[in-house]
Amino acid sequence: MKNRIRETWAENRPVVNGWLSIPSTVTAEINARAGFDSLTVDLQHGLNDYQSALNLLQIISIGKSAPLVRVPWLEPGIVGKLLDAGAVGLICPMINSAEDAARLVRYALYAPAGERSFGPTRAIMAHGPDYARVANEQIVTLAMVETKQALDELDGIVATSGLTGVYIGPSDLSLSMGYTPKLDPEEPAVVSAIQRILETAKTAGMRAGIHCLSPAYAREMISMGFDLVTVGSDIRILTSATVAALEAVRS
Amino acid sequence: MKNRIRETWAENRPVVNGWLSIPSTVTAEINARAGFDSLTVDLQHGLNDYQSALNLLQIISIGKSAPLVRVPWLEPGIVGKLLDAGAVGLICPMINSAEDAARLVRYALYAPAGERSFGPTRAIMAHGPDYARVANEQIVTLAMVETKQALDELDGIVATSGLTGVYIGPSDLSLSMGYTPKLDPEEPAVVSAIQRILETAKTAGMRAGIHCLSPAYAREMISMGFDLVTVGSDIRILTSATVAALEAVRS
Amino acid sequence: MKNRIRETWAENRPVVNGWLSIPSTVTAEINARAGFDSLTVDLQHGLNDYQSALNLLQIISIGKSAPLVRVPWLEPGIVGKLLDAGAVGLICPMINSAEDAARLVRYALYAPAGERSFGPTRAIMAHGPDYARVANEQIVTLAMVETKQALDELDGIVATSGLTGVYIGPSDLSLSMGYTPKLDPEEPAVVSAIQRILETAKTAGMRAGIHCLSPAYAREMISMGFDLVTVGSDIRILTSATVAALEAVRS
Amino acid sequence: MKNRIRETWAENRPVVNGWLSIPSTVTAEINARAGFDSLTVDLQHGLNDYQSALNLLQIISIGKSAPLVRVPWLEPGIVGKLLDAGAVGLICPMINSAEDAARLVRYALYAPAGERSFGPTRAIMAHGPDYARVANEQIVTLAMVETKQALDELDGIVATSGLTGVYIGPSDLSLSMGYTPKLDPEEPAVVSAIQRILETAKTAGMRAGIHCLSPAYAREMISMGFDLVTVGSDIRILTSATVAALEAVRS
Amino acid sequence: MKNRIRETWAENRPVVNGWLSIPSTVTAEINARAGFDSLTVDLQHGLNDYQSALNLLQIISIGKSAPLVRVPWLEPGIVGKLLDAGAVGLICPMINSAEDAARLVRYALYAPAGERSFGPTRAIMAHGPDYARVANEQIVTLAMVETKQALDELDGIVATSGLTGVYIGPSDLSLSMGYTPKLDPEEPAVVSAIQRILETAKTAGMRAGIHCLSPAYAREMISMGFDLVTVGSDIRILTSATVAALEAVRS
Amino acid sequence: MKNRIRETWAENRPVVNGWLSIPSTVTAEINARAGFDSLTVDLQHGLNDYQSALNLLQIISIGKSAPLVRVPWLEPGIVGKLLDAGAVGLICPMINSAEDAARLVRYALYAPAGERSFGPTRAIMAHGPDYARVANEQIVTLAMVETKQALDELDGIVATSGLTGVYIGPSDLSLSMGYTPKLDPEEPAVVSAIQRILETAKTAGMRAGIHCLSPAYAREMISMGFDLVTVGSDIRILTSATVAALEAVRS
């Protein structure tokens, strides 16, 4: 079993992550062949559920990107199902306390470190016979820090044993702080909160990731020290490019 | 963003709601073109889950009916996913206390009124760019009152800030009160409970809806003062009409 | 292997046939449990193709109805695929000559009677180990007579060796004769053509079926001597009953 | 309504259970026609979710096996949905206390014995009009005992009113006891724990089932007194047989 | 029944056509809401077949674009099925002779103009009760001219009674003329052939369309006098934009 | 672009081919990871059509096996669609004459060698940017010889320019020669016909493949000189192994 996220980090490079919101094996294959370090199947705000996620995780195996998922909620059933389906990393929304973060880790790891139930049906196909032995050290868990409450409890979250890192959701963070929800925020208070999360995570030895929209913002976040940046999403990229093409013909 | 349920109520007309239990875009399109004020995709007792619900919500956009969903259970993940998929109203089963009702509202609304996570992927396609700004005032939340416990806690439920109304499930209500579970109940004790729920809701300034089987019963409920009536379900309508046609040939 | 169509005819009873236009296993199960003698998956004007037809043929196996298909066109590939998927009868549109009818028979039967390729993948699951031996005598082939040209060549069509019977499509027949296309025609010239087809078929020792909409018309056709009548279609039955229910509430 | 599991037990025979991990109606039909006493659609480690489970439950109705499901987690929404879809038995993972077992029973039974919501949409199609009346006595609930904690609380679990029995998951049990997770364990401590669970269950008047891989181990478990044994899984059987066939050609 | 292609032409505006190669209702909805005059579901080189085409045609009904299809081949079965599914226009590949063009028209039109079989199952839902009466005058048929043979027989093709126009496939045309197959060709001989086809068609009173990749080329073709231009395809637009975004982050 | 079939032959090794009849990405992934030299998606007697074939071709890309298809019939539309979807080889049933074989080659190759329409939508994703240039030399075409007529016209078939080889279908061949249709035939006349086809093909410089059931028979055919052997099918392997496992428990 290999996890290209850990390999990329071992080479001191940031992970560039693609985002799959569309439940289509065709759009997934386009992304799987594009060259991302990792690809995340989004089951929260993306238009996927387990069955489409399974299909997309299969398709990601065509290429070399590490397969990640964003789970819809902190719930043990779906966490287990997606790891069994071959995800090597989890992004979990709305981690607002150390207790939430600890639950995420418990759901993701086998005993004695956690309480994940054993039965890696597709994971063992996709990652090989040593899966059971090395899964606990290979799987990546990223806790979304995206509320004022999470900011207040940040020290506890980043101190969670077994957690790999934090992942910032700028839209919810902005909303929670009283601003209009948006990606790639420029609002000084939000930017400052992002910097504080980054520094707190890195000081605690955690990895830090952030959800971005434009390539330019993502590049800036890499410069700032983030270990993982998400760029756009399949649905936003297709929508923008389609509208732009149509306007270009009509102009 | 518009919500035909609120528009209908603003015109002092009752909402006639259709019910989609079949996970088929074809049966959904038949309903979407039939002229209902709203259509509810049922993920509880209906044969739908998220992926089929997404497809049906897309199909409902062909016509003018407001897209509603009945969620399988009071759980934040699925509530958020279905609103992001474009539902403008939620019917939630088994709301048995003011605390349950308050959780439903919190899951359905953005901060500061609630804690819905931001990412209205299809909702913004379907309802337009002002979605984020007006979603909290447009989305309809209906708490199912269908147990003896809910009857006992009715005053608390209807006092829930942000809740739009109650929706009566006659089968479970009958069962909970010790009678055979059935729709369109005539049992005096059940009818009396229905009347009490209606009156309590209206007195508290809440909307009231009820699940009916026959058009005749639904008409009666409208006369009694209900703001929303569901008639039949796709599966019951097709089953009855098919059996009737076959019997008519064989007779 | 059994074919309930042949069993019904052996008991001197007419076959009442249901019609599946909707590609949904749920609407198919409703029909499969309703008690039809046979059920036809329609791949011509119905909204089905091979993959949905396979699923519907599987679902029909839940009940006792004989599984039939209407193929989209007289083409050997799809005829073979649907027989391999378990259909025990074929309705083929637009059979306009004895040559067309002979091709239908050839595509449907194994050598030496025909040239169907051998590989009854699901048929052998559904109909048992004697399938290869008895398929040629059990499979039913019905040639649609629905154009003026077919009327002109009727004697040749009904003389086709191996053909089971004819199946009248009243809409196309009306259209071809210069009338508005409709089911359950009352137009004297069309009714007269229907009678002529029926008599010619029966005289030649062929079975005769007809596509009907209303149970009343179907009953009349049985009285007239038809061996098989189709009543309505899932899509028409659901549409009528849904619109009727909504109107009954609003009235 | 009939439940072949209860019929088999009434004849003093052990239930041989097949296991469906693959979300395919074709592999399910192969199993449905194979002659198992029961078939379990696995939504935990199997690659199924609700929508595929619904399709597989429909297909199981082609044959005579009792339809069971393993739910992904102890959660009322999915328990209710799968019973409404026609499952007559539930296997629930990670039952670690009497309280967990009691919740399973409550979710599975109608009032007054439990709190299952009423709306058996497909169950009533599949099991007949007496479903509502007899469901509580026919449905089988099996609590998975598969952790050290469950071993510690075993007496409480088997004393749960309304529970049908326990079902041993040897992989998780081994893992929880500090051994490599595997099926068909030979490790004396694990074997001893299995025996203790069996005896405790039988003494308390409960049924006992166990998840096996090889037919030989399953036979041994029957000899030991188990009431239900699962053999292999569709995915393991296909994988082994495919690799064996390829090796046999290349050797 | 309305056909936005004919309406656009009636206003003396060129039709800007989008191209759906991806069998996904989500990517289709993005296109359906983008504002194209027409959208073509491609069943030839696109990754669609009938069942996905049906779903995409349903989704196109959400917006105002005219629904077109490119059929896989000149075959009556699939032409009829796609018109019945609601397509109001057909692009047919490899029309190499007047006889081919006449067959396309016959397959697309009802008697007496053609031999399309009657049963507009979804078309009547989507286009209204006057469908049967006006379909022959509303449906658009475009013959692909894309081979040397077609160039040789161009006069016969454009003289076909009932044909709406021609549609140029520059890749196959280039290949057939001995050049590398590509869209937006600049090769003088190919450009000259394109001009000749355009002029011949317009002189004969036919419409002319062309398949383009870039908006710039499409604009140029409009200037040259084409009545319909296709811009890019969903799959090309997504692929280019995804690769560009990733490169922009990594640069 | 690479074709593992041609690579294997270049190394003087026989191709061991797996057979996919089940339309499931899960059973396909099991096969894709098993190590076959090639895998054939069967659209004739297998339970696949275009859309499932597309999904299976995507899944085959996870492993190293060459993706083949058996088309349902000699028809240009489906041949082109499957090559565009990424198949690098075609097995075509019922090639009964040199003319049939020549048509197969024409449908499979680009001009000037053939008349395949250009638009390798997924093929270019799967096989790289040189696809258009090298497809004609890389794609493998295998003509099924499986009737008496084909035996009579064998010399013409194997003389077809551009054809890669023949593929024997023993069931149809047996049936056509008057014997019970079966795989792995031992009937001397059939065995003798198989030998004659093999020798005629090899003498003409053609490759020869054969459809086998048991590994033992496949090994024998390799010894006899066949260049490609198919072993079993996913559906037969799963069925046999499932029944065997169940019998082993019950014995």
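The letters A, B, C, D, E and F name the chains in turn, as written, and every chain counts its residues from 1.
Following the convention adopted for this analysis, contacts are C-beta pairs under 8 Å (C-beta built on N, C-alpha and C of every residue); 3 or more make two chains touch, one makes a residue touch a chain.
All of these numbers come straight from a predicted model, not from anything done at the bench.
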item	value
Where chain A and chain C overlap in contact partners, by chain label	B, D, E, F
Where chain E and chain F overlap in contact partners, by chain label	A, C
Centroid spacing, where centroids are CA-atom means, of chain A and chain E in whole angstrom	40
Computed distance of Cα centres, chain D from chain A, in Å	34
Touching two or more other chains - residues of chain A	23, 26, 30, 47, 49, 51, 75, 78, 122, 235
All touching chain pairs, where touch follows the definition stated at the start	A-B, A-D, A-E, A-F, B-C, B-D, B-E, C-D, C-E, C-F, D-F, E-F
Touch list for chain E against partner chain F, complex	21, 23, 43-49, 51-52, 72-73, 75, 78, 93-94, 146-147, 169, 171-172, 175-176, 178, 180-181, 235
Residue ranges of chain F in contact with chain D within the complex	16, 18, 21-24, 26-27, 30-31, 34-36, 47, 215-216, 218-219, 222, 229, 231-232, 234-235, 237-243, 245-246, 248-251
Touching residues (chain side chain B, partner chain A) in the complex	49-51, 54, 75-78, 80-81, 84-85, 110-112, 115, 117-122, 132
Complex contacts: residues of chain E adjacent to chain B	25-26, 29-30, 33, 55, 58-59, 61-62, 122, 125
